[in-house]
């Protein structure tokens, strides 16, 4: 299992039947592979579909049926298609139970930065700002550190924000945190990791939940 | 021919093929009866239909198919149904070639008052304000005087306005006026009437168009 | 997620004092069965949002006439002389909006926007009760969005997940209100299984709808009003 | 009112210096044939509004790469490294908006409203370039509506009057842009006679559409992009 798969598998456990979820581009799109088949969710993709199914194959890909990441998709029974204004009425109207997004930085009070590195990476915001600000629950799924090995969970974001105090949960390959009352609470530790390692790789202040922490 | 029929017949002549028109409640709904059958228009009704046809009969009335006045209607080939936001996108987006409305008062610069008599008649504005303010051309079809015989074309409106400087043309049983550069121009006189009668029954300042005025 | 339920259970979720949106324009699209059940439920002190109030003895007018409605937020009272009289006697408070402005206030509420900016009515008395700003060189009204505790919706066809289709002039305010309330109850004539509606033809995606109630196309409630046929 | 015309005649109505909306999100809904004709028409100095810029060598990206576009108003540049490089070299100006905000700016333009009020982005750098007010006790952005000289629309089916139907994820920005431009040109795969579309299933009423061009469902332009299939 790669670190991405580990994160996706843990993220899948946050989802329960009846939920409406949105999966950001990249790592989040792996999450459905790890869903219990008994869990029935509806996947919203902001390009205008509710009820997205598995990725399409060369046999059943339809040129007019993609998700927001550009991949060809199937749809489940009960799906619907709609325009971009309706799609963001779903987002901003608070109809998404969970949105899963990646991160460049997360502050210790739950601010998220994930869309721009001024002067280096500025492809535009897409739907991320609205997803971050308005989903009922925002779960960040990300590697614990940057490619250079620097912590992503830091006291204050240095990059421009996607949204302030928007993150509800953070799932990395090392740990799971919840954000409660503007504080980071460590609630699970990866089997492969330890509190020590997490402390070393996290400059954001955090508390550990009481009792022995579950492993994942 | 009643005075209403005379007005409706004259109003029908303002319509040409390809136009999108909206008919206010009451007198304006008589206008299609006088349309040349060669003239193909699409009738918009603000309750959410484009392509309204003739009034329905007891035989073909459908309980879910009415116009904004509540009358059952038929629809023509190429009709469409839509919600109230789309319906007013048509109105406010300037997509109506002509809106026909009634009037309580019209000022000499083309202000219209037709929706409220404070303390006496206040059923609400409905779609009138948006029709008056945003139709490409607003044609008022009205009796020349009130039931008490008082002029409706007056120097300044005394009643609350529907919209300021919105009227493009006024058709009464006595006369046809155009509003050009905030001035009323008399352009036609009813066969049954005379310039003298119109002057007597119109306190709004107006000019007569040059040359002999056509009769209607 | 089968969202079908009984009319009794659905209407029991509406409480006195709440703000309720009601779809429809005239009879078409008015959720007649839901309104009748609400009438019989005995709730009171409601704020109701609708295009108009139907005609005397019909639809929402029955609730107003029964004294269950404290305030109406509407576009016009049409020909409902009974409710006009109640308004004049101050038995019901009425807040009027231009029709398309009311529609867009609701659409904005459903779209998670705070409000919109319009030049409609700037030179009229409706501007007196509204916030005016200068916007791009012109006078404009700031119009706040509108949401409700619950919306009562009429649909022609629904699937059990809550996807809705409307027909003819029964669209009107229904698709807008279906997005703008915390609790959305939709009645439907035709109930189908998921997959029974072409995904291109869904007018209201199921994410907006909480409960579906199948109702009978009862001609007493939904039939042609003879006095409106020429 | 038969609104069908030739692609040559339709595209000849677009002039250098104009602001043009282009429907679609990725390939689906992008009016590939209209864009190809526009590419060959030699207009320049365009301001183009689209969700994104397609991928290198595809759709609107071809016009940007050809230097015909002065400015892009979009939500993101996606994976289009060629256009990102052009932006970095200042060969094309890019104005970014959050995706749903861009959608609603266009919807507002089409609805004859001046703008809307939103809390999206108030605590971010996008607020720095926008007008901020206090609205109902909170910081909010006044977002002006957006219109264009012309809109290029892709539809699945159209009748000759200009009523449009979309399919699958090819809705996206098309229905919004079809309302928000002074000149609306729609391409369609299927052209039918008036009456050939159920009035309940019309997505864009014909009143918004000026010209219809029937185009071939050419797999070179509209086919599946193999690199996006897993």
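For clarity, chains are labelled A, B, C and D in written order, and residue numbers in each chain start from 1.
By our rule, a contact is a pair of C-beta atoms (placed from the backbone, for glycine too) under 8 Å apart; a residue touches a chain by one contact, two chains touch by 3 or more.
All of these numbers come straight from a predicted model, not from anything done at the bench.
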Just to be sure I understand the contacts, which chains border both chain B and chain A?
C, D
By label order, what chains touch chain B and chain D together?
C
Chain centres computed over CA atoms; the one at greatest distance from chain B is chain A
So which has more C-beta pairs touching, A-D or A-C?
A-D
For chain A and chain C, what's the span in angstrom between their mean Cα positions?
36
Chain-centre distance (mean CA atoms) for chain C and chain D, in whole Å, is 32
State, to the nearest whole Å, the distance from the C-alpha centre of chain B to the C-alpha centre of chain C.
29
Would you mind listing the residues of chain A that make contact with two or more other chains?
49, 81-82, 85, 88, 91-92, 134
Among chain C residues, those touching two or more other chains are 104, 111, 113, 119, 156, 166-168, 199-200
Once you draw an edge for every pair of touching chains, what topology comes out, line, ring, star, complete or other?
other
Chain pairs that touch, by label, are A-C, A-D, B-C, B-D, C-D
In the complex, go through chain D and note every residue touching chain A.
25-29, 51-52, 74-79, 84, 94, 96-104, 106-107, 119-121, 123-126, 156, 166-176, 219, 222-226, 228-230
Using the touch rule from the top, collect the residues of chain C that touch chain D in their complex.
104, 108, 111, 113-119, 133, 135-136, 138, 140, 142, 144, 156, 165-168, 199-201
Give the list of chain A residues in touch with chain D in this complex.
45-49, 55-58, 61-68, 70-72, 81-85, 87-88, 91-92, 116, 123-130, 133-134, 160-164
Can you check the complex and tell me which residues of chain A touch chain C?
17-18, 20, 40, 42, 44, 49-51, 75, 77-82, 85-86, 88-95, 134
Within their complex, state which residues of chain C touch chain A.
1, 110-113, 159, 161, 163, 179-180, 193-195, 197, 199-200, 202, 205-208
